[in-house]
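Have a look at the structure that comes next, please.
Going by the order they are written in, the chains are A, B, C, D and E; count residues from 1 in each one.
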């Protein structure tokens, strides 16, 4: 555990199932491969800004529909194949094709990619999306190499500074520095091992015993003891995730906005954050987080007020005790947060029956069949207000006004105007109490004191290894 | 110096109902080459007596009195010292040949164990000795059966193996606790003849326990009749058989059905049953079951009365009994 | 077939059963501990020092004090109250899970011993087979199908107990079947069922009692393990197992949190074991006189 | 002997067929599927459907059953949905950890249990016996995940003798491998050892009442030697029976301990595979467990014959 | 019930054969056989007693089990009052069992330690299921009285009795249905001489009192001699010699019988021990 300034062990809670981000949605995939093995045209930085990566620069047409990317020259894949416009076209077409299993298949199906010359591509978007450069910096948009693309799940081949060394399934993944990288000096650490430890107490133990150097997104329960420990640094990274109490807007009496407001008013977000995330979170009043463009503070719209909550319930004519079920997926924030909310709702006469489910059940029952009353889940997609405009989305929120507003947002290219509209949308969701908006989680990363280059914010979940070094 | 001299031996056992004196003041002597038989009803303390000679009583048992074996005192010796004597200078044969052998060890190992322990023989040397021993006790084709397990032998053969084991180190004293009770008459005969032959051949002393009077009559030169933890009658076998001075001895002899007796006669029985050890009366243990009982019987333990030929009887009413016996005949 | 009297009832009629029982040291001690446990569970129905559901984030993870005798947990709930209420779930798990295993497993084991031949073979292979699905695995599958919850957890643990009881019952029952008194009963014209109920079952009760006490402990722990995997009792319902698994994540900060439910389980198990030992002795007429 | 093996083989096949049907049916009714799990909630439905087709999830149940069985017969266990790598390799990798772990735990269990059980029996009803049995009582009441963390706290965090978990594989050498399995094996063993010790004690006490023990002592064998050479082996039959059950329990019951020590073992594979709906992995793992249980039973039966010469392999 | 013809024997055993199959050693071979009984025939007239002697393993207990219909013969028949027991339908066999009962060798093992004496003794009645509980108790107390035990013993457990008393309880159980035949498999070999005498006397008294017949199995010639009108000597699954005991023992024909007689230890004195 000592004397190795060229190696680092990073702990992660979950192991990625496969290493192909274009074929699976698990965040852990990107956390291992993105920017390290596989690269995208653009790079999303810790502060949320988008900068060139495989693309040297790009131009956007005024209608926000045509993007022209100039590609970086002299880039090679780890199997020796050259990186060029053809590869970009292949990657985007593949992601949008009939057989594609890309999570963002719809986005790519809207894109038409044209090769202008070896190092210029034109991407035409059928819809307006001012955020496209951001989207193209996400893991689903990695530029895969045509010949090796299908084997990426087990043997990813990319253009990045690291290559896959070994994968001991269930235990660890080791990456090593790729000597053929376009600027070999970028990466300072030669060998990176990802260790997968899901038990919170074991995570802390592994850090204390020196088995891992960095633990990203560690269980919040493990954090307090490290705060006072001078050998470790604790980084609290904000994120674009929104932990919410999903409310099934279709179900009686939850279809009544007064009942939903009552629920929100009964929730003390501070206590929820304390219970669910050991205090690591920032209250939110709508489906939007501080730090994102156009954020407005809406936490004052439905403040914690038991008396008001009771009044609202009475107004709505709900007979108490009202019995509701709460379906909880496995993560601790849901299970623990659920316990807190159950206790809080009990105070206004809502008896909540908890049902712990696996993710698979949550996906098929709650998300798929919309068979639930309440649920707690963290929505990690950076920009997903649009889900409120989908009529068949699982929480069943339906508002013509919101749909119109969102269409307008999509069509607005001007940033200032767009931000103003976004603010309106946030207020509308808060007023409708579309869901129980709880908090923006802060993800603690704990590392040895002398580890440098860790991201302070998490607009997306990646571990940018080439930024790391031992101080 | 006699080989074994037991004086005033008392054994107190811890039972669930409190302490019980299972052996109360037994004494006898045994010379080399002499044979002694012990008879008595089940539970009268025969086994406890010989176990105390071996030092094999449960650790809660209290032994007092004196057991001098070849000049050394055995009462109060520690476990380690007793281990030196057991199986080496005193050998023992048990009642049940079916259960007395360890089912999971080969007979070579079991018979050889005392040799390895006491004589320090190596495995191979012990094996040679074992072979000779098994040949001597009459196991057919012993060489090929050294590595067989007990269950592969018949009851009679197992008892022979048990004897070989007891004889392995050439003990000075052989104790046989009901060695043939579990066997067929035909096999019983073979085993008894074998033991007698060995005793004669090696000049060992023998203590034989049995409740079969026929066996005692055929095998030993002197005998003890025990009842309720004490010896009620002792002496040379012929004398005891001929005189049957103690009422209990008489009852025991009369209870046995005889081969060839006419049908229809009733067997004589002793009324009542053996008293529990814990509540043994202070007086004669047989008092109450005996038709000669008088008040004095209940109060004090009768002292031994020595008749002719070292024939001793513990009974205070010998004269009355003799008189009645004369009358009857 | 004639009505079968319940054997244990007959045994309990031994004159002076209670008089003997009260003089049996381990029975009394075990009985007291068990009674304490039951009383705690019963008390929690009407009274607890604090509400076990009342959270107070401001006073979370407090050490034991006058207000909170055993301190507070991560949600600021009173540990003593949780322990009292948790006793209910833990007792339920133990009793029902062992009950399922005992009833079904013993029945199968008795059947195997009574019928021998292919029935025995089939039952024994079936138990082999179900042993291949350990409790946790079947619990995972069951809860995946029917949803997580204490009922399913209990059933899964119970199912797992079946082969264990079946095997032990069969082995001991076979030994009883070879006794002479069984041959005597057969000579009287008794059928297999009557013999099983009147002779075999009472005579293997000692083995079963010992097994029950061990399995009870294992069931409580299995619930703890299932809770650890999120498959046991569902919040807000507390159970000792769930408290333990909660506490496990806090082992570095508040080790005391794990000690209390752990001790509760240990006490319950100890009490039951002692009670079982005592009961075994008391129900055995051969030992009845002894103590 | 041949008859014995034939019987066992028949049992194995019957068990596996039964297991295959039950497992398949049970897993069929699990809600959710692998494609959905892999793609997550935000995925486009078309992408999920495409993945389902690719994995063959859209075929009727009996076709999938048949494919699976046919694959099993030809030695092809298929590819994991989640890891997209051959199931066989996955399982073999995990077995390389779980089997040694279970064996090591079993070894600890046996040694501890025999020591405690025999010692307690030798001091029957004395202070030592009561104390040791009290200890086993506590041992039975300790949950293994809790004990595991305790061990980590002491040996990894405080003393830093061991790493807190993880397993580097046998490539690092036998010693290193065993070292990382030591604490997990110990935490698995404690409860089992406590149970086994109680059984050993009563079995030893039972045997100590047998006549041949008296015979051995009459030969001059000391009490301690009698216990270890004569009594123990005779007491092993019930002990081995329970050990057989415990081993199968250990084999798959390692889920929790593997979780705490983040070991890549079979238990965790099954747990993860179930929650990922990687059913192809689950099915094959359960088949493997069923086979292992039958094999362990076989070993136990052979052990009976080894321990007790009266039992012949042919009449098991 | 029809009255059996007076000429008809109580028990008639014809050509009884019992082979036990041991576990197969080879997969496709015949299982090894133990030929425990190889064609045994005898009969017992009402009121008379038959003794069976023979060495260990000669098949004595096998005969007892077959006569008691606890085991089925490989071939041959057991007729009780003219009816073949092994052909009777179950309910009729159960009803027929009132006529023949059994006493086992081991007084410790043949009584269920967890049942009271009353229940043990009433067991044959309970199995017949014709009588009420109270009646069963009544009859049990009578049976106990017949064997010399007290009514107060009814609620005790077997361990509270001595070996001889236990064998009395076993005999009381056999007597309770007033059977015509009692099969006794080594009823006294586990007992002490003095206790053995009590039990033998009791059996003798009962024979005189109730006219039961005994099928007495023993390896002790003297015991058989004491109780039986006729003796069979079994050797390796066959009856090798048969006759009234006195004659047979005085004048043995078969070499095995002679070996058996020779092996009996003789006591040196005369008097009551040896017959004049």
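We adopt the following convention: a residue touches a chain if its C-beta (ideal position, glycine included) is under 8 Å from a C-beta of that chain, and two chains touch if they have at least 3 such contacts.
All values reported here derive from a predicted model rather than from experimental measurement.
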Any chain in contact with chain A as well as chain C: D
For chain D, the least number of touch steps when starting out from chain B: 1
Chain at maximum distance from chain C, centres defined as averaged CA atoms: B
Averaged-CA centre spacing for the pair chain D and chain A, given as whole angstrom: 39
Chain C-chain E separation of Cα centroids, rounded to whole Å: 46
Whole-Å separation of chain centres (CA-atom averages), chain B against chain C: 51
Approximate Å spacing (C-alpha centroids) for the pair chain A, chain E: 87
Residue numbers of chain A (touch at least two other chains): 199, 201, 205, 208, 330, 358, 360-361
Contacts with 2+ other chains: residues of chain D: 30-31, 149, 153, 259, 274
Chain E partner contacts - residues on chain B that touch it in the complex: 41-42, 155, 184-186, 188-189, 192, 211-215, 217-218, 238, 241-242, 251-264, 266-270, 273-274
In the complex, chain C residues that touch chain A: 53-55, 57, 60, 74-75, 144, 147-149, 230-231, 234-236, 248-253
Chain A - residues contacting chain D, complex: 15, 17-18, 20, 23-26, 98-106, 109, 153-154, 168-172, 195-199, 201-202, 205-206, 208-211, 330, 358-361, 363-365, 367-368, 381, 384, 394
Complex contact set, residues of chain C against chain E: 1-2, 7, 10-11, 15, 179-181, 183-190, 194, 198-199, 202-203, 284-286, 288-289
Residue ranges of chain B touching chain D (in the complex, touch as defined): 54, 56, 79-80, 83-88, 91-92, 94, 96, 99-105, 113-114, 117-118, 149, 151, 162, 165-166, 168
